[in-house]
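Remarks on the structure that follows.
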């Protein structure tokens, strides 16, 4: 008789706020086999393009995910703008960049908290989320929404931020940076954290690249891909260096995200310094006719919005390929042969976001 | 305005494996596989590959009955897209390394993107 | 007030949320909102929980899971539907895979609107549910045990 | 010195009545302090009592009715162990009764035949074997200093035990972390290792059974802190202060570490018992048995 | 009156030695058509009853030695030994087991040398003796051994039904069982070391044949392994005899009780040599492998070897020499061998899933503990050792027979297959539960001994080492027992009851043994005061006394444990049953769930085995090396004494 | 030392005031922009139906015969699309979120706008 334990891990499981299921086959606590199952939250909203005009579909696209809602909305808008050849005002581009980077801060802090929770560091979780509330406050002050911002629209943005407010945000970020320094110090230097993350879920550069790992998951393994380098929105006008690390374990992925927090703060402050005055939107007439693969760098990595229109108000197809979907093959590889205790850590180390994955 | 560079290269189903192999050899990364219904029984499938931020899309156009070969031999992780394509569009993919046999994304309507669905109550 | 209302332990399940409401539920546990002030503990285990927080609309895939989880909770228990999706399906109402609000599968006691529902609204919703919980407890005590419904059938 | 039977019985009864109150308060303070360390307000002080009160208001939901038996046995033997301790009984007997009660908890988890309970049970066992040697060595150390296994005698000893057993004390504090289900060693029970195993051993306990388990935990806290007292028994004030400091330290450690894996738990606990404990006892042994026979 | 009971007792002793032998012979020659089961039952009853009777008349008597003329007996013994040697040689050559052959030759040579050189001149008078330890041993052998014989009746029948490929040699089997009992009685009642060696060799031989019963290749190999290791001990034993005879031509020292009291200088060398023999027989590291190999034998054989006979002979003889060993470095070495064996065997048991191997490791471990106690050999440790022996014999025999019964019914001896036994075989599961509780739970026997051992070691020289060993080994044994216990009590729904068709005599044996486990735990203070304390007193002049308060507390706990299950009848609220938590997955009756890819999984749970930490190979190697080292030190030291 | 990176923070927080907002004893966090719920002014509504069309979750229903405008707050995702697009600015975003409810219901408002020629100020919505 085999000495195995089969654990139905999820879909309802306390470490997973989102439902995903793993059939874990364990020997003692070693994972000898793992078969994932997703689809619990598939809604099929890509099909809503048949019922929502492309302008209202922004609201749907935004609700692809409650974590980087803004980036989803923006990527969709940029895609449509590319097809329709719309030139967005520069101030709008800067605002989009600022909100995108705030999204990244919010998402990474949220992730750091959940990651800490995955190895049972409750206090760290609480601290990360405490800091994150300060980012959400900025969102609410500038957009009216904490997690679903709803400020992007085709042709620009719906709301401006007053210059005084921008200045205040910039100085506010200085104090946030200090708190984040304290926080990331623990993630990077605490021995018990290192015990739980070092050499856990190791993914080599070759594997990462060919399995399609993107975002911090890929960059933690040394795959230097960051779509912001393509210069959409205002990124082309700002200075930043891509963060990568070579070890490919959970710690590296954490390290990449920790460092990205600082680069995001830096980007926002740069953008606030450079933002020009001017209009925030242009008027949009007509309907998209054509197709475009619009890509953007989400907190979790490369996002692809494929948009195809036929000149009517209803799109033919919107296809959203989210980073998590691309990272799932890597996840399966990493889970083989790990310990049960590592399962939550590894699953979270790719920062899974199932909502957008299943759409 | 910055446009992300991309190209679409229509190919035959029969050339798919060869072309994908070539991509792999040239060091392309698989960015996505996506399907679009373009006619009553016509589906466009885009295989998007990325290298240095340039997107190369191989496009095949097939019918629901066409059995297309899996590219999981070259790109192990392609199974997520191929299963998805099967579950949502009803595209038959042969030889997937991890074949969920229709359980990857379980839907209330079979092949929802392959058919027209009428739903929705009045407010 | 009985103990039940002073110690409502919650379990959260994401039926098919966009994460917006999920992270607001989690945010309610964290320092700024700290629902442990009300004795609320996020248990993650239906058998220990009194309040079932569901985010997202229900679909074919997870209706069974929702129902199983609900059935595994010990009486008395309440269900709080968090967010517009859980109430009616919201913006995704017309999607082919969405059945609608979770009241299609399990009995809902309180609806908390919002997209995403704010942590304050979630607190309000749970507080409102506590009254219902207490009423259910009394009803349960009045009913002889034998007539209680057997495991497996809800609604 | 074997205590007088009547005196012992009175003490045992006092313990049985007061320990849950004290234990519940400790749990309440623990939660409050933890919350404050996390920058939160935290629950009311009496929250643990509300929780337990609630458990008894809930339905008795089980996987198998035998769970009722195991949960009750856990409580009963935990109370017996503590009562023996506080009535001045033999430390070793106390330890065995203590272990017995835990075995019942583990068996209760096994009985449910559920993946998460099962893994919790296995992990709980690993924890038991991790801490047990150190606890036995603690009792042995006490004997070496006071020449008695009887708590009644140890507590009356005028020797400052801590001075003879510093290593054992530190070792005890470390296994105390396991016993108080504190990070970094909170592998198995209830809401601590939920990220891995949901609720571990208590996954399939609900309602009144959970209440019994929680009350047993309270008894356990008081007993475990009672052992800390023994190290300082020659001066009750210092002893109380030591208990408070020790408990605060435990909370602090809980809040400043992540959970380690079981391998690490077992290794560190055995290593601690095997080095700190054994070296300390070895030195003492040498002094007591060889130098001054 | 005086003489009356002496005669009565000697009659009983002779009866116990000879009666099983006669039964054995009758069984061997009983015709095929002849129903042998009643002979087995009657003999067993007789042996058991007489052992009890011996207790009744003998418990308050001290040491008694008996003069029995040995002349003709010696001759018979020599002849039997030679016949056996020749037979073993034949088998050894046939199976190409040359190490065994060499050992047989060496031993036969030593014995012949002894007989030729010294034996002829030595005429011992007090060949038999008797004290409380003998009573205890007699009870263990007489009651448990004969129960096992009765149990074997049913077991062997099923065994042959399940294994048609194995030749039915049941007559031989029962002959050997009873011969074994006879030899054991001989061994415990003999005062003459030459006789003891004879009986010693008989047990070796019987076990050899019984282990090889199925005649498969594995069985034969393991039988030879057991043979070689035991012969190694036999050689040492024989060497000891030669040494004694050489030292003391009068041969008086060949009387056990004289030898023991002859003082360090005379006794230490034979003590170490014979203890070495004891170590081999008690399957201590580095010789443990034979006992594990012996698991291929039918389960009653294992039960017999483990609980009441073979291995007990090993520790018995070491216990006899404990007063000599106490306080000596040699004794300490032997004790350490025992201690390390206990620690490692307990650890290794964690990594096993074969129920019989777990039991085997547990046996090895517990014997190790006894050896450790005997090696250190202070009076209170002697007390502990005897207590351990009793508790172990009772609980272990019950467990073996339970495992055997389960194996008969479910066709597996793997612990993983015993899941949900509480539903499938409720009565048996409860018995196993009690047996296991007896092995590791307070307030049952073994834990009492462990406790007493800690208290005893703490005052003994180098006791701290043993306390540490006990603390760690004790925890390890807790782990493997508890997870096994958990396995059998997990409630898997919808299982059919497999308990039908178990023969009544099997039930009877199981019931009696279960009762014994509980009773022994209940009356151990009585056993202690009536048998163990006087014995220890007589040897050491002081003895252990139990604190009355603790006894009361333990009895209260035991009582509590017995009444706790009835609490289930009075659960306050009517329970509602729900399936176990499985992450919200749909379950079918709590035993299956539908997982990824729509595949329906049976719920599979197995215990942890922690092979990386407690794997056999590594620990076994370590243990073997360390224990050989310790034994060598002991041997070098006695060489030093000789020089 | 790597073991106690967190100790500093933990000790600091235990000494300082908790970050918690004591809601409901303290008021909820709000800003001027906070999207709480859609408020309606029936006296200005010209019944143009643009809000109905532009609502992504079809929460609004306009009944021209009965002269009612109704909103299902359990469908409204508070996206503000209607507010932005309403030509006569009769919709506003109020910062107070809709409270929890035991039953789902729709809110019905009467359209009291009569004609631009004779402006009146009967406006309070009846529910």
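The letters A, B, C, D, E and F name the chains in turn, as written, and every chain counts its residues from 1.
Methods note: contacts are C-beta pairs under 8 Å (C-beta built on N, C-alpha and C of every residue); 3 or more make two chains touch, one makes a residue touch a chain.
The structure displayed is predicted, hence computed values, not measured ones.
Shared contact partners of subunit A and subunit C comprise B, D, E, F. A comparison of the A-F and C-F interfaces places the larger number of contacting C-beta pairs at C-F.
Relative to subunit E, the most remote chain by averaged C-alpha coordinates is F. Between the CA-based centres of subunit C and subunit D the separation comes to 35 Å, rounded to the whole angstrom.
Centre-to-centre separation of subunit B and subunit D, using mean CA positions: 58 Å. Annotation for subunit B: residues touching 2 or more other chains are 100, 103, 106-107, 112, 117, 120. Each of the following residues of subunit C touches two or more other chains: 13, 30-32, 34, 37, 43-47, 59, 61, 65, 69, 72, 74-75, 91, 93-97, 115, 118, 148. Of all residues in subunit A, those that touch two or more other chains are 5-6, 8, 11-15, 19, 29, 37, 39, 42, 44, 47, 51, 59-60, 63, 121, 123-124, 126-127, 130, 133, 145, 148, 190, 192, 358.
Subunit F contributes residues 18-24, 28-29, 56-58, 72-79, 97-104 to its touches with subunit C in the complex.
Residues 2, 5, 8, 59-66, 68-69, 72-73, 76-77, 80, 84, 89-90, 92-93, 96-97, 99-100, 103, 106-107, 109-118, 121-122, 125-126, 128-130, 132-133, 136-137, 140, 143-144, 149, 198, 203-204, 207-208, 263, 266, 270, 273-274, 278, 281-282, 285, 289 of subunit D are the ones that touch subunit E when the two sit in their complex.
Those residues of subunit C that touch subunit B in the shared complex are 59-61, 93-97, 99. Against subunit D, the residues of subunit E that register as touching in their complex are 419-420, 422, 441-443, 447, 451, 454-455, 458, 461, 464, 467-468, 470-472, 474-476, 478-479, 482-483, 485-487, 489-492, 547, 549-550, 553-554, 557, 560, 564-565, 567-568, 571-583, 590, 603, 605, 607-608, 610, 613.
Within the complex formed with subunit A, the subunit E residues making contact are 353, 412, 414, 416-417, 582-585, 593, 595-597, 599, 601-611.
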